[in-house]
Each structure stands twice: as C-alpha cells, then as structure tokens.
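Below you'll find a set of structures to go through.
Two complexes are shown next, each including chain A; its partner changes from chain B in the first to chain C in the second.
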Partner chain A sequence: MSHPLRRQRYLIDFTLASLWRRRGKNLGLLGVYGLIVFLLASVMLFSQALRREAGLLLEGAPAVTLQRLLAGRHDLIPGDYLTRIGRLRGVSDQYGRLWGYFYDPAVRANYTLMVPRDREVAQGEVLIGAGIARTRGLGPGDVLSLRSAGGTAFAFRVAEVLAAEAELVSADLMLVGEGDFRTFFGIPAGMYTDLALEVRNPREVRTVAEKLVTLLPDTRPILREEILRTYDALFQWRQGIVFVLLAGSLLAFVIFAWDRASGLSAEERREIGILKAIGWETGDVLRMKFWEGALVSLAAFLLGYLAAYAHVFLADAALFAPVLKGWAVLYPQFRLVPYVDGLQVATLFFFTVFPYTVATLIPIWRAATTDPDAVMRG
Partner chain B sequence: MTSDPEKTFGSTGPGAPAGGRVPRPSTWPLALLGLGLVLFLGTLGHAAWRGRQPAAAPGAQRELVARLGLSDLALFTEARYTRHLSQADLHSAFQDHPMALDHFPSASLVPPTPISGR
Partner chain C sequence: MIELREVTKVFHEGLPNELRAVDGVSLTIAPNRITVLRGPSGSGKTTLLSMIGCLARPTSGRILLHGRNLSGLPERFLTAVRRETFGFTFQRFNLIQGLSVLANVMLPAYPLAPDHGELVARARALLAQFGLKDKEAARVEWLSGGEAQRTAICRALINDPEVLIADEPTANLDSRLSREFMGIMDGLKAAGRTLILTSHDPEVFEADCVDRVVTLHDGAVLDP
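Entry: the complex of A and B
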C-alpha cells in the first residue's frame, strides 16, 4: 500500500475505533439516518418505476378520444358524429366506444363495464378482471348477478378471467357484449360513451384534434400525449406530496444530525486537545473527522438505498400499499419492473451524504485550529 | 502523527493473540462498506438486466390496452374521476353534484392535470 493510502487507512482505523467507543450514539444515528434514506429512496424508486410502467403501457391508448359535453358534463355521443367527422386526413381508424361504471353494493366497489371491439362476447356472458374475480371469489363458469339500470336482476356467466399479469390496467374490468351492455344500462342504439380515433402520424394528432373541435363544437378531444402527461404529472405530484409529508421528519433529522455533527461533546473536545498535544497536525484531525462523516453517511446511504430497493422491487412496496389503495376495494396486484434513474440516485446521494460530511468538518476545524490547552479547558 | 500504528494493528508482537494478526479496526467495517457498494452496483445491473428481459416488457398489458382502447391504469377504482383520470371532467370543481366535496383519499393524491387545448 502506498504511503498516502496507508496514512488514510490508519486515520480510518483511528476514526472507527473512536466511533466504536461511542457506539450507542453512533449506531442510533446510523439507524435513523438509514431510515430517512430508506423512506426517500423508496418513494423515489416506486414513483419512477410506476411512471415508467404507465408510460410504456399507455402508449397503446387511443390517439384521440372524443367526448361530447352537455352542460359542461360528459354525455353520451351519437354514432352519427362519426359520419359528420367523415374521412379526416391522417385518421386510420375511428369507432365508438361503449364503457361505463357499475357500483356493486355487495363489495362496495366500482366496476368498469366495457364492450370489447376485437371480439364478440356471447349474450349473458362476461369476461372479468383478476381483481373482480379475487374480490367476489369468481371463476370461469360462475354466475355474477347484478342489478341493471331498469331494476331487474341481470345474471352474467363468467366466460373467462382476464390475465392476472395485466391487472394494472384490467383489475376492475367487465367485458360484455354490446346487446347486454345497452340493455343493462338502458343506452339506446346508436349512442356511444365516446369516440376513439387512431392517427397514423403522431405529428398530425393536434391538427386532427383542432379539426374535430371545429366540426363538432360540443365535443372535447383528449389526446394520448395528454393522457401520458397526466400520469407523468400524477406520479411526480405523488412523489412531491410524500416528500412534503416527510418534510417534518426530515427537518427533525436535520436538526438532530446537525446537532450531533456540529456540536462537539466535552469528550470529543478533550480528544482533539490530546491529539494536538501529542503532535497531531490540524490537517490530520480534519481528515480524521472527514472520514467519520463520510463513513457514517455513506453507510447510512447504502443501508437505506439497498433496503428501499428490496422493499419496492422484491417486497412489492408493502409499506406503501395501504396509502395507495385508498378506499379502492379492487386494488390491482402488480409487480413493478425495477427501474433506477441514475440522476435521481445521484441527487439523493448528494443531498444525504454531502451535508452531513460537511457539517462534521466545520466545528472540528474551529476546535482543531485553536490551542490544545484552550480546547481541553473547553 | 508520531506514533507508529504498525505496532498497534496487524502486528504479531507480544500484545497480539497467539497464532494470528490482530484485525485492524477498519477491516470489517470497510469490508461491509465494500459489500454495500458492490450490492449498490448490483441493483443498477439488476434493474438494467430485468428491464431487458422479455418478461419485463409489459406485452400482455400493452396488447390489452391497444385491443380494448384503454386509457387509464386501474390504480384508484373508487370514483370515476380517479379511475379514469384522463377522461374526467377537469373543469367541474365538484364532479358528482354541486357541493360534492372529494372524500376519497386518492383524490387528495391526484394532481390538477396539465391542460392544453381543452
């Protein structure tokens, strides 16, 4: 080992021995410090991974969804609006969508009923999401009885349970045939919930939307990019909210760490005085204390970050689930694909390791530059 | 520093236990820190590797989204304006009826949507 490295190693030896002498205090600090990093890193990793997942998934959402507004509220849209739109340049496909909500008092949950456009669902049959199947204890062949808008009981036979791996988008879905949907909700023929348009060239989407608003002034278009932006903003906002909620504990920690790092105890003062008296240079004392701050904060960062990674990606963010679930009975079960944003981790590292390391140095520098005798006398 | 730490740590002198070197105080903590760093780099590698796995590509979900024309995640199913965030009546302050204040916990977690051209 070269001389400068050996010198640092001896300083680290001394620092660790000194930390170990006050182990109760220092292990407590490491624990609290690690816990704060764990909370921040968990929120960060969870939000980032969910944001990425939402972005990837919703790439397949309709390019333009067209809603009709009546007195400022979303209303059913007549199918002949498709004729009025006619053939717009760049639009590759346009169709009416049928979907709606049903509140099931039996489990106090909302279902999303939908008519799939790629397959025919036989009359009296239903395809249900894995969330509904779990909550109601249903499987293929079982009968699900619901009360229709007309007050009559409607029995659906479960034909299929949608794939559990698609639960993030389909936990509360019920896919029924068009005839059943219209009878169940009392929606007249020729009316749709909204219209969806597919546009070949993404750069033409805005132009198409502008044309739609001119052609049909009582409608509003919702673009795919707006949907993506909504989810992007949602997870950023949530991350921000949690950080704000954490701010109280963060501040408490900052005060604690600052006090611990910057206020020298009588014992530490005496230690510095003795070190200086036996010939340590100011630089050595500073280096020793730098190692103290760096080792404690680095250990806390690694401990907190690794625990957060395991919590979010191996334990499915078990601590956050109750907060996210809210009152949702049909909360989807999903496992996030690990995603780590280097910049965010670097930011977390900087804001957790750097301040503590600096905070340990300032008071030591003041003590180390004064006369040993004065330091020891306090 | 005037003392010679070589005599304190890593020595086989009279103060050392018979038959072995005294471990330096930094040996285990630095080894643990090193292990932590390796695991940290491991998480970056793991995330990159899992991201490239075919199973990680949300194929089934994406296909379902495209097939059914879905627009939202089923994260909050309690109210229509939280179930379909992107389809909600953004300009209606009270979504269900006048004076209907939000009472679902998730509504407090959902931000005002960035609006353009609506």
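Entry: the complex of A and C
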C-alpha cells in the first residue's frame, strides 16, 4: 500500500474508533439523519415511480381524444363526426369510444364503465377490476346488480376479474358490451362518449388537432402529451405538499445537525489539541474530521435510501400512499416497478451529505488551526 | 544541541491584560543530558518548554536546533520537526480516553504512516520495556497513575525522538512513582536521549541523574 493511502487508512481507523467511542451520540445522529433521508427519498422514489407508471400507461392512450362540447360542457359526440373528419393526412386510425362513471351508493365508490375495443364482452356479462371485486366481494360467476340510469335494476354476471398488474388504472374498471352500456346509461345508438384518433407521426399531432378544431368547431381535441404534462404537474404538486409537510422535520434536522456539527465539545477540543501536540498536522486533523462527517452522512444516506427503497417498492409506500396516489375509496393495490433516477439520487446526496460534511469541517478548522500549546496549559 | 537566544513570549500583546510569560531567555541545552526547568507557578517554565518543543512560537528571539533556526518555520515544517525530534509527556498525561493503551501509543506515528505490522511491533516492544505488556488492550481510563505515566512515555517514544520533553511529570504521582519515573529518565539518558523536564518537585530536580537545573522566576532565568 502506498504511503498516502496508508495514511488515509490510519486516519479512517482512528475516525472509526472515535465514532465508536461516542457511539450513543453518533448512533442517535445516524438515526435522525437516516430518518430524514428515508422520508425525502421515499417521497422522491414514490412519486417518480408513479409518474413513470402513469407515463407508461398513457403510452397506450390515443394520440388525440376528441370531445364534443355543449355550452362549455362535455357532451356525447355523434358517430357521424367520424365521417365528417373523413381522411385527415397523418391519421392512421379513428374510432368512437364508450365510457362513463357510475356511483355505487352501496360502497360509496365510483366505477369506470367502458366498452373495450380489443375484446368482445357478451351481453349481460362484465369484467371487473380487482378493486371492485375486493370491495363488493365478487368473483367470476357472481352477479353484480346495479341500478341503471332508467331506474331499473341491471344484473351483470362477472365473467372475469381483471389482472392485478394494471391495477393503478383498472381497480375501479367495469368492462361491458356495447349494447349493455347503451341500455344501462340510456345512450342512443350512434352516439359516443368521445372519438379517438391515432396519428402516425407524433410531430403531426398538433397540426391534426388544429385541423379538427377548424373542421368541427363544437369539439375539443385533447392530446396525449397534454395529459402526460398534467399528470406530471399533479404528481409534482402532491410531492410538493408532502415536502411542505416534511419541512418542519427537515428544519429541525438542520438545526440539530448544525448544532452537532458546529459545536465542538470541550472533550473534542482537548483531543484535537493532544493530536496536534503529539505531531499531527492541522491537515491530518481536518482529514480525520472530514472522514468522520463523511462516514456518518454516507452511512445515514445509504441506510435512509435503502430503507426508502424497501418502503416504496416492497411495502407499497404505506406512509405516503394516501396523499401521493390520490383520494379514492377503491385504493388500487399495486406494486410499483422499482425505478431509481440517477439525477434524483445525486440531488438528494448533494443536499444531505455535502452540507453536513462541510458543517463538520468549519468548527474543526477553527479549532485545528490554533497553536497546540494550549494542551500544555490545559 | 538546542540554543535559545533572547527568547521572549508575550500573551495578549498590546492589550490591557498583556502578559510577558518569558522574558529574554538565553540558554543552551546540551544533548544527552537531563535538564530541569525549575520555578514556582507562573514562572514561565511551561511556556518556555512549549517553545523549545515547537508547540508555540516565541514573540521575539530565536530557538536553534543543531544550528537551524526553528522560530521562523511555517507551521507545517514546525510540526514535522516536532514529530521527528520531540516526544512529549504532559502533566495530566493527556491520553485519549476510550482508546486502548496500544492505540494511544501508536497515535503519534499515524501521520507518518509506517507499515502497520511494524508499528504494532514497535509499540509492543515499548510497552514490554515499560512493564505494560499485559495492559495493551486496556482502555487508558482504567490505568493507575503510574501506568498512565508510562503509557504517555511509550507514546512519546514511538517515533524514536531525539529529545523527550516532560511537563511537570510527577505532579500526579506519589514519591515512589516519582522516583520510578526518574529511574526511567536515567535509562533514557543512558540510551542517548536528551531530556528536558519542568518541575518544582525535589524528587525531580534533586535526583542524581539530573545534569542541570535552570531556575526561572517571572519569566527570566535566575542563574544562567
């Protein structure tokens, strides 16, 4: 081992021994510090993973959704609008969609009813999301009875419970056949909730939207990229709320860390004096204390981050889920796909490890640059 | 050889509480001898010892080690001289609490980063020499006064210094341990080291092995 490396090893050895000597104090610090990193990292990891999840899900959404407006409100759109749109350049596919919400007073929850495009649902049958199945205690073959828009009872036989992987979007979902949907909500034939358009080239989406507005002045095109932006803003807003809630504890930690880091105990001062008197340079003392700050904050960062990772991806972020996922009766139960953003880790690292390490060095520097003869008088 | 020329140390210079702790001391300390700085409290012996040991700089005057002026050296070089030339034992031993005897003894060598195995062997040899072989793993706060004193001596000797400086070495020892300490000093002199002690304890300055006693009063040498 080369001389400078061996010197650092001696300093780290001494630092570890010093940390161990004051283990009560240092473990307390490690605990508080780790807890703060844990809270911050949990929020960051969770909202990041949610945003990513939402983004992945929306990739399957149509590039343009066209809604008809009546007096500024969303209204049903006639199917013949599809003919009026005709053949727009760049549009690869266009179709009408049927979907809506239903409030179930029995469990005080909203369901999303939809007519799937990729599969046929037989008349009188329904495919339900795992959330509904859980709340109403239903399984395949059971009958789900709901009161339709016309006031009559409507019985659906559960054909299938949707797979749990997509629960973020399917928890409250009911997939029904077109005929049943129209009868249940009283929607006349030829009318749709909205129209969906697929555009081959993403750069042409805005042009298509502009043409649609000119062609059909009573409609409003909603672009997938706009929804993504809205989601992003929403999750950032929620993340912000949690950060505000955490601000108090964060501030307490800053004060605590500053006090711990900047105030040297008489014993520590005496030790620095002894080390200098027996031949340690100011630089050695500074390096030793740098290692002390760095080891504590690195350990706290690693512990906090790993705990946050486990909390978010193994324990489903039990602490923050209600705020970050949304407010709903049918909480989706889903496991987020682990995703760690390098930039976020770096940001968190910079704002936790760096200030603490620097804060420990300033008072040491002041103590370490004084003449070592004080120890003779001490 | 250590030479002091008109060395003065003033604390709080220019302030109402200005204190002239050492006042124009000129002195030559011969190598391979035991020199004792004697004097009452406040006579300036510890301040003088600090300056000789490169722990502090004189306000004016020069301190020469083998003809090399130490007074004007930057802190880094002064530390290097201190580490390589001087070993210290302090009045209250100043061992680092919570660490073992062995770790305390090895501490002055850390900045020099010697091979770890070699350093441990050197520290163990010193501990064996001073009858502390069985205490190497003990924490220093568990040691008796005599054991702590001997641990401090081992620590002072770990870098094999030419000069050993001891400030009031017997202040916390009874007369039996004080005599034992002076016996150790005698042994170190025989091994070729220079020893500079401060003390107002007769067990020290009247000991047979002491070659020279310098009496200080109000920062000045009474019998140069």
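Note that the second predicted complex is superposed on the first by the 364 of 378 C-alpha atoms of A that agree within 3 Å, B and C clash if a C-alpha of one lies under 4 Å from a C-alpha of the other, contacts with A are read in each partner's own complex, and residues count from 1 in each chain.
FYI, contacts are C-beta pairs under 8 Å (C-beta built on N, C-alpha and C of every residue); 3 or more make two chains touch, one makes a residue touch a chain.
This structure is a prediction, so every number in the text was calculated from the model and none was measured.
Asker: If you stack the two complexes on chain A, which partner ends up touching A:17: first (chain B), second (chain C), both, or neither?
Answerer: both
Asker: Regarding the shared-chain residue A:163, is it in contact with chain B (first), chain C (second), both, or neither?
Answerer: Only chain B is touched by A:163; chain C is not.
Asker: Looking at A:280 after the superposition, I want to know if it touches chain B, chain C, both of them or none. Which is it: first, second, both, neither?
Answerer: After superposing on A, A:280 lies in contact with both chain B and chain C.
Asker: Let me test your reading of the model: by the given contact rule, A:185 touches which partner, first (chain B), second (chain C), both or neither?
Answerer: After superposition on chain A, A:185 lies in contact with neither partner.
Asker: A:320 in the overlay: touching chain B, chain C, both, or neither? Say first, second, both or neither.
Answerer: In the superposed model, A:320 contacts neither chain B nor chain C.
Asker: Have a look at where A:60 lands relative to chain B and chain C in the superposition and call it first, second, both or neither.
Answerer: The first partner, chain B, only.
Asker: Examine A:73 and indicate which partner it touches, taking first as chain B and second as chain C; both and neither are also allowed.
Answerer: The answer is first: A:73 touches chain B but not chain C.
Asker: Between chain B and chain C, point out the one touching more chain A residues.
Answerer: Comparing chain B with chain C, the partner touching more chain A residues is B.
Asker: Common interface residues of chain A with chain B and chain C?
Answerer: The overlap between the chain B and chain C interfaces on chain A comprises residues 9-10, 14, 17, 278-281, 284.
Asker: For the complex, which residues does chain A have touching chain C?
Answerer: Listed in rising order, the residues are 3-4, 6-7, 9-11, 14, 17-18, 21-22, 267, 270-271, 274-284, 371-373, 375-378.
Asker: Please name which positions on chain B make contact with chain A in the complex.
Answerer: So the residues of chain B in touch with chain A come to 1-3, 5, 9, 24-26, 29-30, 32-33, 36-37, 39-40, 43-44, 46-47, 50-51, 56-58, 60-80, 82-87, 89, 91-92, 104-106, 109-111, 113-118.
Asker: Under the definition above, what is the set of chain A residues touching chain B in their complex?
Answerer: Going through chain A, the ones touching chain B are 9-10, 12-14, 16-17, 20, 53-54, 56-62, 65, 67, 72-74, 97, 101, 109-110, 112, 114, 116-118, 129, 131, 162-163, 165-173, 175, 194, 196, 206, 209-210, 220-223, 226-227, 229-231, 233-234, 236-238, 241, 278-281, 284, 295, 298-299, 302-303, 305-306, 309, 313, 324, 326-332, 337-340, 342.
Asker: Using the touch rule from the top, collect the residues of chain C that touch chain A in their complex.
Answerer: 46-47, 49-50, 55-57, 75-76, 79, 82-83, 88, 90-92, 94, 96-99, 103, 107-108, 110-113, 115-116, 155-156, 159, 167
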